[in-house]
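What follows is a single structure, written as structure tokens, with notes after it.
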Amino acid sequence: MSREHLVNLAVVLALVLLPLAAHLMGETYWVTLATRAAVLALAGVGLNIALGQGGLVSLGHAVFFGIGGYAMGILAYHAQTYTPVIESLGLPGTNLMPLIWLVAAMFAALAALMIGALSLRTSGVYFIMITLAFGQMFYFFALSWPTYGGEDGLSIYVRNRFPGVNTLVPIQFYGVVAAVLLLALLLSDRLARSPFGLALAAARQVPARVAAVGLDPQRLKLVAFVLSAALTGLAGALFADLNRFVSPTMFSWHTSGEIMVFVIIGGVGRLMGPVVGAVVFVLLEHLLGGISEYWQIAFGVLLLLIVLFARGGLIGLIAGREKAHG
Amino acid sequence: MAEPVLETKGLTKSFGALRASEDVSIDLRPGEIHAIIGPNGAGKSTLIAQICGALRPDSGDVRFAGADVTALSVRARARRGLARTFQISALAMDHTVLQNVMLGALGARGRPWRFFVPVLSDRGLRETAEAALERVGLSDHAATRTAELSHGQRRQLEVAVALTLRPRAFVMDEPMAGLGAGGSKRLTGFLDGLRTEAPILLVEHDMDAVFALADRISVLVYGKVIATGTVADIRQSDVVREAYLGEGA
Amino acid sequence: MMSFVLLAEQVLNGLQFGVMLFLMAAGLTLIFGVMGLINLAHGSLYMLGAFAAAAVAAATGSFLLALLAALAAAAVAGVVVEVAIIRRLYDRDHLDQVLATFALILIFSEGTRWAFGSFPLYLDIPSTLSGPVRLPGGIDYPLYRLVLIGAGLLIALGLDLMITRTRIGIRIRAGENDREMTAALGIDISRLYTLIFALGAALAGLAGALVGAIQSVQVGMGEPVLILAFVVIVIGGIGSIRGAFLGALLVGLTDTLGGVFLPEALKLVTDPASAKAVGASLASMAIYILMGAILIWRPTGLFGGRA
């Protein structure tokens, strides 16, 4: 078993045991922080498919996070006001989590298909700028669209339902989130080892070779982008449920930047990179944020040091530069 | 005479004032090795790029396996059975040797859309890949990370990937480049047997290999084919001697 | 029925917005074209210029000194950042450049908030440039905005002349084409890079100060402009000053005219309230739709050669 496998095992155990311990000690606040970390980690697991496996530097993943958030907000808003989502069809809202997740992932995937088809016509720095620009488009759209609160956002008063679980109890909601995260990790790992993952990783490293064996590197990347967006959209729905609130901030490009930053801090292309990164990010936010409201200065310096001197992220520092798969 | 597998007719390509290909017409017949030789800057790479689909010619056609493929992409030509090796190895360096060859097998199968089954437990792909490694003599290195291969081993791996495609024709861009004498000799022996599987268009600088292998040779100078013929024809040709091998060679 | 006066005013507003975007985009596109660097922190230099101008104007009361302070502060910050951090990123991949310059944004933004507080500052238009001026056709238009348009056009012309006619321009173009060749010609490449970065920074700082006088000066003001400048570059083609100029005017005009006329146009087909709402939403997306359309047509932008 390689060191990275040991690290991965330790992370999974920590995901299960630490919040449980916090719950038993009555530290509800820490359970909520853990939930936040797990939701952000899920968004990162999504981004990691595009960024780590596909080599796509997307600065627009907030779009999918925001779409997931608004999918939850809109469906739950209509459920709590007993109004139809689409008047003419009489389509009702819902407060059932699995249904909301499905809608969130589907709409995020649809947006990714459109954005990806356009931005994958280019590469490199164009791709970065275009994903960033489309992210801003959704942000301004959410700001100026008055139906669901515009810049004030939308509050949902009761957390949505999951069959057999009391989602209002923090540890139970954490259980739901952690289960989704573990499932996503399993999926991401499977993906990396699959025929698709092999072709995708080759499209990242040597697109000319992929075309020369008769496969389409751009289409592989587009599919990766869509899958990646679906997971990040799912994370957006859970994030909205955690806060019981959605606002255009979810679409802001700082959100895209932050997701990317903690994926890098953890280790890009590493299975558990996003999880480790998200935990570190939430801890720093909490600890440094408790010391000074200008904590992001320290965070910026830390990030700069990691980029300049510790490539491979934290998992890279612990497990060495070699990758176990990919 | 058998119908050529691969054929170019009047290929012409300019970059600004530079004529990189001028009216190039060559063909590759079943069972043969046709070598393209020429000094640096003669336009060999440009010619290969047009044959494989990475560059569109300004005028002229490329025919492959009985159809006009001039307008087709690299990918479409590969799917029709045109396998190339790269001059500068285009291999996924983070992958193992086996993974690189499996990519070829996956390309030959043409359906990469399987998301949840580990590729290494796909027996069909694995057997194709392992057979190709066996043939080029890289079986012992299947689990090695490609970045750790020697230069010569990378050239062997390039050929192994091309083999998995079960192509109708090979286009090989300087497969001997950078190989030592021993490696060059081994690869020459291997390519010699390969021509019966599919003909090879061989662009090569190593004259020993070319003279040992080629059924026909075309000489490319300043984008133009100045001579095509058997090894003996080319050795004796005054035109070639003058333009390429140099006076008194 | 739109009046001619309204149309002319909006066209001028669009031009003014466009030339200011150009000042941002010119630096970004030069820095990318020559050094291959994507700099997210360019918006921070814009913000820095605005804050320096506001602080100096408050202390001295002189707008001219404020502008000089903006230029100097942004240029000095540019040199310091380039020498300390950015030059380590030229050989890195775009991902590292994005992350490092994102980190710089966090440092600059929070640093500025720490120094100046969260409340916006105000920079007053100098009295000699305030008030409207009567243009042919009976249009009353703010003099200051006209001056911005003129200044922007002059700078654009100056940059174009500098790139095409001067020795430094020849060096910049050489650097764009071939780094090693430039170095082989005996040009001190690292000084050239620092100079270009400082030039780009100074232009961004100047834009921040000039625009700061008609908007409020606050933390984060540079980021929307940065992203619009990216749109400009994508439209114009990376590395091209002329592309940046054309792209900037297109984006400025589309954004301004779209915001005014889309709601009006929609009133023809739907009720005024929803026309206003839908129109505003559509207008906020107009430039991105423009960008998408240009990408479909020319993936490397209007003046772009390479992908």
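Letters A, B and C name the chains as they come in the text, with residue numbers starting at 1 for each one.
Please note the rule applied: a contact is a pair of C-beta atoms (placed from the backbone, for glycine too) under 8 Å apart; a residue touches a chain by one contact, two chains touch by 3 or more.
In this text, all values refer to a predicted model and were calculated from it rather than measured experimentally.
Taken as a graph of touching chains, this assembly is arranged as a line, each chain contacting the next along an open chain of partners.
The chain with its CA mean position farthest from that of subunit B is C.
Centres computed as Cα averages put subunit A at a distance of 31 Å from subunit C. Per-chain Cα centroids separate subunit A from subunit B by 43 Å. Between subunit B and subunit C the centroid-to-centroid distance comes to 49 Å (mean Cα coordinates, whole Å).
On the side of subunit A, the complex with subunit C involves touching residues 51, 57, 59, 118-119, 121-126, 128-130, 132-134, 136-137, 140-141, 143-147, 253, 257, 260-261, 264, 268, 294-297, 299-301, 303-304, 307-308, 311.
Residues 52, 54, 73-75, 78-79, 83-84, 86, 90-95, 99-100, 102-104, 106-108, 110, 112-120, 122, 125, 161, 164-165 of subunit B touch subunit A in their complex. Those residues of subunit A that touch subunit B in the shared complex are 187, 190-191, 193-199, 201-202, 205-206, 208-216, 220, 223, 227, 323, 326. Within the complex, the subunit C residues that touch subunit A are 32, 38, 85, 88, 94-96, 98-100, 102-107, 109-111, 113-114, 223-224, 227, 230-231, 233-234, 238, 277, 280-281, 283-285, 288, 291-292, 295-296, 299-300, 307.
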